[in-house]
Each structure stands twice: as C-alpha cells, then as structure tokens.
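Next come two complexes built around chain A: one with chain B, the other with chain C.
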Partner chain A sequence: MINLIGNYSLIFALIISLGTMFFSFKNFKYNNILDFNLIVLVFLQFILIFCSFCTLLLAFINSDFSNLAVYNNSHTTKPLFYKISGSWGNHEGSLLLWLLVLSLFSLIFLIQSKKLSVSFRSLSIFFQQIIIVGFILFIFYTSNPFQLIIPTPNEGLGLNPILQDPALAIHPPILYLGYVGSSIIFSSSLAALVCKYTTNQWARDIKKWTLISWIFLTIGIMLGSIWAYYELGWGGFWFWDPVENVSLMPWFCLTALLHCSSVLEKRSSLQSWTIILALCTFMLSMSGTFLVRSGILNSIHTFANDPERGIFILIFLSCLILLSLIIYFKYNNFEKSNKSFFVSKETAIVINNWFMMYFLAVVLIGTIYPIFLEVITKEKISVGPPYFNQLIIPLLIPFLFIMSIGTKLDWIKNKEINVRYKKIVLLILSVLISYLIAKHLNTKILYSTVLISAALYLLFISILDLKNDKLKWSQKTSHLAFSILIISIILNSIFSEEQSVNLKAGEEKKLSKYTIRFEKISKSQIENYTSLKAEIWVSQNNNELIFYPELRLYKVPETITSEADIKTNLFNDNLVVVNYLKDTDYLNIRYQKKPFMLLIWISALMLAVGGILGLRKKY
Partner chain B sequence: MIIKFLKISFIVFFITFFNLNNVSANNQKVDEISKNLRCLICQGQSVYDSNSEFALSVRALILNKLKAGNSEDEIYLFLKSKYGDWIVYEPEFNKYTLVLWLLPLFLFIFGGLLIVRKVFINRPKK
Partner chain C sequence: MKIRLSFLFVLTLIVFILCVFFLSLFEEKSYVPEKTNNKIENFSIKDFYTDKSLNLKILFEDEKYIIINIWSSWCIPCRQEHKHISNLSSFNSSKIIGLNYKDKKNNAIKFLNELGNPYDTILSDKDGTKAIFLGAYGVPETFVIDSDLNIIKKYIGPINSEIVNEIRNLLNDY
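Moving on to the complex of A and B:
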C-alpha cells in the first residue's frame, strides 16, 4: 500500500512536470507577469516528491521487506538511525533524494528570484524541469525504489557495515545538496543566454547559488574524507580514488566559477567563460553520479554495480550537453570584453582559473583515461597517487605564490607593485623555516623547501591580510583556511610515521622508536555486531599510550570492519588499527603518528564558514 | 616583477619535477614499493594497505627480491611482467599512456597561451 503511494506520487510529479514545462514556456513567450499556476505547480511537485521520499523512509523505518530496495539494504536488527540513513545509502534511494533536492531547489529559486525578469525565471524553471523529467524517467526505468517482491521475505540482506557510520550517514545528502545546487546554475545560465541576461546583475544572482553549492560540496567532501580516515583504517584521508576524484572535479569547477563570477560582476568581462564554467559544473556533477553509480570504476566505494543504469545516464547527459551546446552557439553574442591589464586582480583571477582548470584536467584525465584505454585497446592500467602527485604538486608551488600576491591587486590597474619590506622578510623567513624543516627530515631538501615555503608564505600573507580593509571577511577567512589546509596537508604527508607488527595477545615487540605491547583482547555483543576490543600499549621514551582499537564482526551481511582508536590533539593524531590475519591468533597492529590532522578538518570547515560569510552579503 | 616571478617558478617547477623521481634511499623500501602497487584481489586498496593473502605474498616477494639485491625498478618490472601493468599505480610512459601524461601539460600550456592572448594581444590601444 505504502509503496503504491510512493510510486504514484512520482508518476503525478512527472505529469506535473509536463504541465510546468508547458506553462513556463507559455509564460516565457507571451507574458510579462509570472503565472501564479507556475508557483503552485512547482510547489505541488515538490510536495509529491517529498511524499514519495517519505514513503520510502517509512518503508525503511518499518522494515517493510515487500519493497525490494528495503530488502536489499536493510535488516531488522539495524539501529533506527541507520535504517533511516539506509534509505539514501543505496542507489535507488539516493536518486530519489537527488530528485527531492532538485525539486526543492527549483521551488526556492522560483520564490526568491522575485526581483528578476519573468521570462528569465520561467525559462530557468523550464530547463530545470527538463532535468527533473530526466531524473524521474531514470528512476522509473532503471532504479525504481518501489519495486515489490512477492512473497514478502521475513528478513532483509542488511546494509554494508562500513556504511553504518554517522559521518557517512549524512555525507550523501550534503554532497547532493552541493551537486544539485549546480543544476540551478546550469538552468539559469542557459536561460540567461537565451534572454541575453549575462550581465553583472546575473553574476550577482549566480554567485549566491555558486556559494551554496560550494559550501555543501566542501562539507560533503570533508565528511567523506573524515569517514575514510577513521573507518577504512589506513590512516589516510585522501586516496585519489576515482570516487573521491569525481567529487573533487565539480569542486574545482565551482571554485573557479566563484572567482570568475566576481570578475563578471565587477568588470563585466569573461562572460562566455563564466557561462562555460557554469555549464561544466553541472555536467561534472551529473557525470559524478554516473561514474559512481554505474560501477564502471574499480573502486572501494562502488556499492552499486549496474552498467545499464550507466547507459541511461550517459544518454541523458549527452542530451543535456547537446542542448547546452546548441543554445550556447545559437545565442552567444557577447559584448567585446573590457580592457584588461596585466597587473590587476582580474588577471590574478584568470590565473587562478587557469590553475583550477589544470588541476581539474589532471583529475579528470587521470580518472577516466584508464576506462577509455581499456575499452579501446584492452590495455589495463592503474592511475594512482604517484600520477596525481607528480602532476599536481609541482604546479601547486607557483599557484600558492600567485595566490599570495593576487589578493593585493586592484581591479583596474595597479600603478606600482609596492614591494614592502615586511613581505620580503616574510618570504625569507618562510624559506628559512622550510629549509630547517626539510633539513631536519633530511630528504629531498630542495623540493620540500620550495613547497613548504610557498605554503608558509601564503599562510603569512593570509594572516597579514586579516588586517586588510579592502578584502571581505568571507575572502579573508577562506583564503586563510585554504593556506592552513595546504600547509597541514603538506606537513602531514611529510611528518607521518607508521609502524606495523604482527602480535599475539600478551606479546610485545621493541621497534627502533617505540615498543608496542598487545595486552589483551575482549569480546562483547553490541546491537547488531560482535565487538573484539584489543588493548594495545605503545610506549616511547617512558611515555605510554593505551589504545583500544576494535574489530566488528557483522552477521548480516557477513563482514569484518576495523575501527581505529584515534587520540587527537591539535598538533598530532596517534592512532592504532588492528586487522585480523586469517587462520592465525595474530593480529596485525598498525601504529601511526599523523601530525596536524585536526587542523586539516578545522581548516576545511573554516573554508566552508568563509563561504557562509559570503552569503550574508546583501545583494 | 611578476614576469621574473613566473620565470623563477618555471625553473622551480622543472627542478622539482625531476627531483620527484629520485628515490630516497631508506630501509622501509618494502613499504614504499608496496604503496605503489594495487592489491589485485581487493577493491581499490594498495598492497600496503591490504592484509589479504595476495598482498602479504607480494610483500614477502618484494622483501626477498630486495635481499637478493634487486633494485626497485627491477622489482616493478618483474611484477609487471607477472601481473600486467594493472598492478602499478604509476603508469609507465609508453605509447598507450602518452596522452595520459602529456595532455594535462598540453592543456596547461594552451590555457597559458589563451591568457597571454587575452591580456597582451587584445590590449586596448591608447
């Protein structure tokens, strides 16, 4: 019964979509006043999709196993919180959530854009509806969350235990808010092209949505990283895994757009480039969904494997690309761009975009090249961290230096670049500190020195910038956060230490720096898993730390997960992970020292806070 | 000032780029090598991260090879001949990966030229 309600609300939502498209097109062509029906229809559609989502949620909460999605992904012994998060932890449910957010954003856009021209608003809604129709069809044809099984099974198959985690429970919705926010950017830039509205006013409107998507995407990526850090148990937080790369690509694009749209806003130039970025962002978000959900990536995160779905999204994506290409080439008659000067903020932002696009290209090529190569030549290659590090890190150095200069420049033309005594001292200071750090480590001195000094210099300059009245607080915060983030990541990767030993309970092993003792292991039954808690003592120079890492044995589905025990303080993380060695009494114990982990999370959060501060501005 | 700056960063870029390929000589070579190898039976884990039998056997093999005096490159070569290019995370530079390695750099240069054109050639006549 409840499944039927969900299913039919979706069908009605589809019908309403067609109605909305009709009305919005009519409104665009013949009317100067917004048709009230349009708001009603979009609102109704949102309610219907919301209804449909709620029924799925109810099915998960009640463990209604007559529903295929619930049967595949839930289990009666699962805690309530994960029953709820399970509704979007699977492919079908997550798409429904995408759709829900999509319709919510359309509604918000329609309501809050009162000041803009009617034709622009209705046309944006029209394009937005095309996306919605595509998604509803996709859900119906390939991944209906309301499929029934007869007879009804008594018990479900359970949710993959690695996914039963608070950070990962809220990770998809947040990430989707970021992805879907870019759909508004997409529709409104198409509408702006048609209405010839690609002005600085439009740039101001688009900036709000860019910021919103960017904030959610930043937080979403951060949550995913945090999860990977403590749950996957390798002590790393970024693996250059395809699924991670896929979320990073729209982030680069959005960051570029964020900077570029302020050039359009202030200087009325770079129109076509802003449009291209705006269109690309949504394409990348869509392909993100496509690449992750189709299972063509060989990845730890791919929990849904179904190539047919991929083909549908690929067709849908091609249609959207075709549509945007047609509109772009038919309507692009931009004014000749304004004068630009070499030493100006505008050039600095163009250079920012240049680097962003390069990073994006590296990640994009590195992620999809192996797929194409395999299809075309049957050659199978892996593109992993060494590739990305070699192509990205060297160019990070000039990027950081330019970023520290760029904020100082004026919009039009800098009369002279005032090289102040203070800045040179800072530069020398950062090179000196970096040299000492590199020497202390005694590896790759030149390379580390240059890299760390670039990051340190940016940090010093960003701190100095806090007093600069020309900059906005949002910019100051985000730039400072970014510099802390970069320097923490660099120092983290250089200073990390780790030791791995195999021990039985009661044994102890002396290593060069530490002594690791495996004291005991205790077993207990918790909710839906059996917990094996080990007690590990790590001592270094009379300093003892006791860790309680855990192994969780789940019955449904049969899996072992490993929970790290992490001791965090501001400058250092100490963590121990244990792993089960098959057919022995031994445990593999891995002790890691990870400096500045907390700073990485704090600065990522601060980056998002900077974005939120940017929203506060009155337009 | 900026041009000088760009020049310097360009030089720095090249130095660091080649520096990256130098292998630091330390005792934890097995760890270092196994971080660059894919565990073939796992989903997206390196040999270093994994505790599967496959990963353990590969690590033992690397250790033996190192003790026998083989160099790092020889070990990669051996593993590639045994398991295919799929096992290494760093794709070798050959005719199949030409585009993979050069396209990003080409795009970077292309973007740079576009910017130069915009800033210098389109410059308003005063």
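Moving on to the complex of A and C:
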C-alpha cells in the first residue's frame, strides 16, 4: 500500500512537471507578470516528491521487505539511524533524494528571485523542469525504488557495513545539495543567455547559488574524506580515487565561477566565460553521476553494474549538453568587454581561473584516461597518486604566490605597486622556516623549500589581511582557511610515518624508533556485529601510548571491517589499524603518525564557514 | 564563420567523449577476485538429507574440480539463477554441490520440489558458519574449487548464461 502511494506520487509529479513546462513557456512568451499557477505547481510537485520520499523512508524504518530496495539494503537488526540512512545509501533511494532536492531548490529559486525579470524566472523554471523530468523518467525506467517482491522475504540482505558510519550517512545528501545547487546555476545561465540578461544583477543572484552549492560541495567532500580516513583505515584522507575526483572536478569549476562571477558583478566583463563555467559545473556533476552510477568506474561507491542505467544517463546527458551547446552558440554575442590594465584584480582572478582550469584538466584526464584507453586499446590501467602529485604540486607554487598577491590589487588598474618592507620580511621569514623544515628531510631541498615557503607566505599574508578593512570577511576567512589547509596537507604528507608488523597476542617487536607490543585481544557481541578489540602498546622514548583498534565481523552481509583507533591532538594524529591475516593467529598491525590531521578538517570546515559568511545580506 | 568552426570543434569533441563513454558501458567490469589466500581449509559439514558429517575433501571422490553453489529458498536471486545451475549440471561432468545457507529444511525441500534438484550433493549450513570457510559474502555465490582446495573462480551474486559458458570452458581447459 505504502509503496503504491510513493509510486503514484512520482507519477503525479511527472504530470505536474509537464504542466509546469507548459505554463512557464507560455509565461516566458506572453506575460509580464509571473503566473501564480507556476508557483502552485512547483510547490505541489515538491510536496508530491517529498511524499514519495517519505514513503520510502517509512518502508526502510518499518523494514518492509516487500519493497525490493529495502530487501536489498536493510536488515531488521540494523540500528534505526542506519535504517534511515540506508534509504539513500542505495542507488534507487539516492536518486529519489536527488530528485527531492532538485524540486526543493526549484521552489526556493522561484520564491527567492522576486527581483529578477519574469521571463528570465519562467525560463529558468522551464529548464529546471527538463532536468526534473529526466530524473523522474530515469527513476521509473531503470531504478524504481518502489518495486515489489512477492512473496515477501522475512529478512533483508543488509547494508554494506563499511557504509554504516555517521559521516557517510550524511555525506551523500550534503554532496547532492552541492550537485543539485549547480543545476539552478545551469538553468538560470541558460535562461540568462536566451533573455540576454547577463547583467550585474544576474551575477549577484548566481553568486548566491554558486556559494550555496560550493559550501555543500566543500562539506560533502570533507565528510567523504573523513569517512575514508576513519572508517576505511587506509591511513589517508585523499586517494585520487576516481569517485573522489568526480566530486572534486565540479568543486574546481565552482571555485573558478565564484571568483569570476564577482568580476561580472563589479565590472560587467567576462560574461561569456562565466556562462561557460556555470554550464560546465552542472555538466561535470552530471557526468560524475554517470561515471559513478553506470559502474564504469570500479570503486567502493559503485552501486551496481547496469549498462541500461548507464545508457539512460548518457542519453540524458547528451541531450543536456547538446541543448546547452546550441543555446550557447546561438545566443553568444556579447560586446567586447572594457579594457583592463594588466596589473589589476581582474587579471588576478583570471589567473586564478586558469589555474583552476589546469587543475580541473589534470584531474579530468587522470579520471577518464583509463576509460578511453580501455575502450580503444583494451588495456586496463589505473592512474594513481604519483600522476596527480607530479602534475599538480609544481603548479601549486606559482598559484599560491599569486593568490597571496592578488587579493589586494584594485579593480581596473592598480594605482601603485607598493612593496612594503613588512611583506619582504615575511617572505624572507617564510623562506627561512621552509629551509629549516626542508633540511630536516634531506631530500629535494630546493623543491620543498620553495613549496613550503609559498604556502607559508600565503599563510602569513592571509593572517596579515585579517586586519585589512577593504576585504570582505568571507574572503579573508576562506583564504586563510585555504592557506592553512594547503600547509597542513603539505606538512602532513612530508612528516607522515608508518610502521607495519605482524604479531601474535603477547608478542613484542622493537623497531628503529618504536617498540610495538600486542598485549591481548578481547571479543564481545555488539548489536549487529561481533567485535574483536586488540590492545596494543606503542612506546617511544619512555612515552607509552595504548591503542584499542577493532575488527568488526558483520553477519549480514558477511564482512570484516577494521576500525582504527586514533589519538588526536591539534598537531598530531597517532593511529593503529589491525588487519586479520587469514589462516594464522597473527594480526597485521600498522602504526601511523599523521601530523596536522585535525587542522586539515578544521580548515576545510573554515573554508565552508567563509562561504557561509559570503551569504550574508549586504545589499 | 569563426563561431561555426568552434561550435563544430566542441561538438565533435563532446560526441567523441560520449561515444567512448557509450562503448565503455559494455566493457567487462566484474571484479577480479582477490588473488591472496585462495586456499581454503578442509572443513566438516553435514549432509542436507542424512545429517551425516562429511568433509570437503571426501566430496571430490575422483574428480579434480567441484562447483559449490551457495543458495537458500528465501533468496530471490537464487530462484533466478536456478535454471542456469540446472543448465550447468546437465552439461558438466564435474560435481555440483549445493550449500543450503541459513534455511529451514522444509522450505528448502519445497524449493527443490518446485524447481528441480540440480545438485549432486546438498550440504546444510543452518547457522551460516560454514560459508565463512569459503569466504562468502552472502547468497547466492558460486565457487569452482580444485582438489587441493584452491578456489579457482568465485562468482558473487547470481550466475547467468555467460558465466555458465565461462565455467564450462574453464573446466574443459584444465
């Protein structure tokens, strides 16, 4: 019964979509006042989709195994929290969530954009409805969350235990908010193109949405990597895994858009480029969905290998790309923008955009190159961190330097290029500190010195900028956060240490720096898994740390997960992960020292806070 | 004219990328099973009908390979793959062993009466502890094991006609 309600709400939402498209197009053509029907219809659509999502949620909470999605992904012994998060932890449910957010954002956009012209608003809604129709059809044809199984099984198959983690429970919805926010940017820039509405007012409006999706995307990516760090126990937070890259690409695009839309807002130039970025952001989000959902990429996120789904998204994606290409090339005739002097804020922002595009290109190629190679030559490769590190890190150096200079330039033309002696002192100071740090490493002194000093210099300048009243707080916060983030990442990768030994309970091993002792192991039964807790002593220079890493044996589905025990303080993370060695009494024990992990999370959060500050009303 | 040219360029590029994506959808992407620890222990297990204790090695008799299929009457995909298992048993000389996983005996017998019994021997794993020895994740799963108890091939999820062919070729090759 409840399944039917969900299913029919979706069908009605689809019908309403068609109605909305009709009304919005009529409104765009003939009316000067926004048709009230439009708001009512969009609202109704949201309510219907919300209803449908709620029924799925209820099915998961009640463990209604007559529903195929519930049966495949839930189990009666699962804690309530994960039953709820299970509803979007699977392919079908996550699409429904995407649709829900999509319709919510359309509604908010329609209500929020009162100041803008009516034809522009109705046309944006028109494009938005195209996306919504596409998603509803996708759900119906290939991934209906309300499929029934007869007879009703007594027990479900269970949610993959590595997905049972608080960070991961909220990671997909947050990331989706980011992705879906970019759909508004997409539709509204298409509408702006057609209506010739690429004005300052539009830029201000688009910037709000850019910020919103950027904030959610930032937090979403951060949560994903927190999950990778704490739950997967791989001892790292970023692996250049294709699925991680897929979420990073729209982020680069959005960051570029964020900066470039302020040029459009202040100086009415770079219209064409802003539009391209806006379109690309959503295209990248959609292609990301395609790559992840079609199972082309093999990764932990791959829900199922179903070519049918892939074909549908691909056709949908091609339609959207074609639509935006035609509209872009048809309506793209902007006046040549006013000249700007070489040393100016515009130039700095354009350079920022170049760098962003470069990083984007590196990640894009690294992600899709293996796919191309496989199709064309049948050779299977995977692109690993060395590729990304070698291509990105060297370019990071000029990027950081320009970022530290660029913020204080004036619009149009910088009057005086004043080199204060305070700044020179800071530069020398950062080079000196970096040299000392680099010397400690003994390898590649020059390279590390330059890299660290670029990051340090940016940090110093950002701190100094905090007192600068000309800059906005949002910018100051995010730039400072970014500099802390970069420097923590660099220092983290330089100073990480790792030791790995195989020990039996009661054994001890002396390593060059530490002594690792495997004291004992204890077994207990907790909710839906069996826990094996090891007690491990790590001592270094009379300093003893006791760790309790854990192995969790899940019954449904039969899986072992490894929980790291992490001791965190502001400057250092110490962690121990154990892994089960099959057919032996030995455990593989890995002890890792990861400096500045906490700072990485804090600064990523601060980056998002900077974005939130940018949302404050100042007009 | 200039705009036309750039339009065509972008269009061809995008069409090319989309074509590659399209082709890649049909590439073989199933996970290659992990190579480490392919050897399994010899464990004892009860026969489904007689409740007599057997051990895995005895099941081989003189065969070099056996196929173990984990199934359950409550498992929907098992129902789907049943015809492929029957297919496999009619073509193959190797023994097919069914491992009845966390099931009620009556339901399991009903299942076999309804769909037919493709297995040479059926083993009973009432509490799901024996499947762990095989490193199974759930039902259904299919293993090809040699007489030294090495797992040669492991299929997670229901098998289809392609996999049936693959197993047949595999066993003919050896």
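Here is the rule we go by: the second predicted complex is superposed on the first by the 617 of 619 C-alpha atoms of A that agree within 3 Å, B and C clash if a C-alpha of one lies under 4 Å from a C-alpha of the other, contacts with A are read in each partner's own complex, and residues count from 1 in each chain.
Here is the rule we use: a contact is a pair of C-beta atoms (placed from the backbone, for glycine too) under 8 Å apart; a residue touches a chain by one contact, two chains touch by 3 or more.
Predicted, not measured: the structure shown is a model, and the values here were computed from it.
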Contacts of A:V425 with chain B and chain C, given as first, second, both or neither: neither
Partner chain(s) touched by A:I11 [first = chain B, second = chain C, both, neither]: neither
Residues of chain A touched, compared between chain B and chain C (which is higher): B
A:V383 touches, of chain B and chain C: first, second, both or neither? first
Chain B versus chain C as contact partner of A:Y447, first or second or both or neither: first
Partner chain(s) touched by A:L570 [first = chain B, second = chain C, both, neither]: neither
Touched partner set for A:E155, first chain B, second chain C, both or neither: second
Footprint overlap on chain A, comparing chain B with chain C: 298, 582
Chain A partner contacts - residues on chain C that touch it in the complex: 3, 6-7, 10-11, 14, 17-18, 20-27, 29-31, 36-37, 39, 41, 74, 76, 128, 131-132, 136-138
Contacting residues of chain B [partner chain A, same complex]: 1-2, 5-6, 9-10, 12-13, 15-17, 19-22, 24, 35-36, 38, 42-46, 49, 51, 53, 84-91, 96-97, 99-100, 103-105, 107-108, 111-112, 115, 118-120, 122-124
Chain A residues touching chain B - in the complex, by the definition given at the top: 234, 239, 241-242, 298-302, 337, 339-343, 347, 350-351, 354, 357-358, 361-362, 365-366, 369, 373, 377, 379-387, 389-391, 393-395, 397-398, 401, 405, 417, 419, 443-444, 446-447, 450-451, 579-582, 588
Touching residues (chain side chain A, partner chain C) in the complex: 71, 149, 153-155, 157-158, 290, 294-296, 298, 305, 307, 310-311, 314, 317-318, 321, 325, 329, 332, 368, 371-372, 374-376, 555-559, 582-583
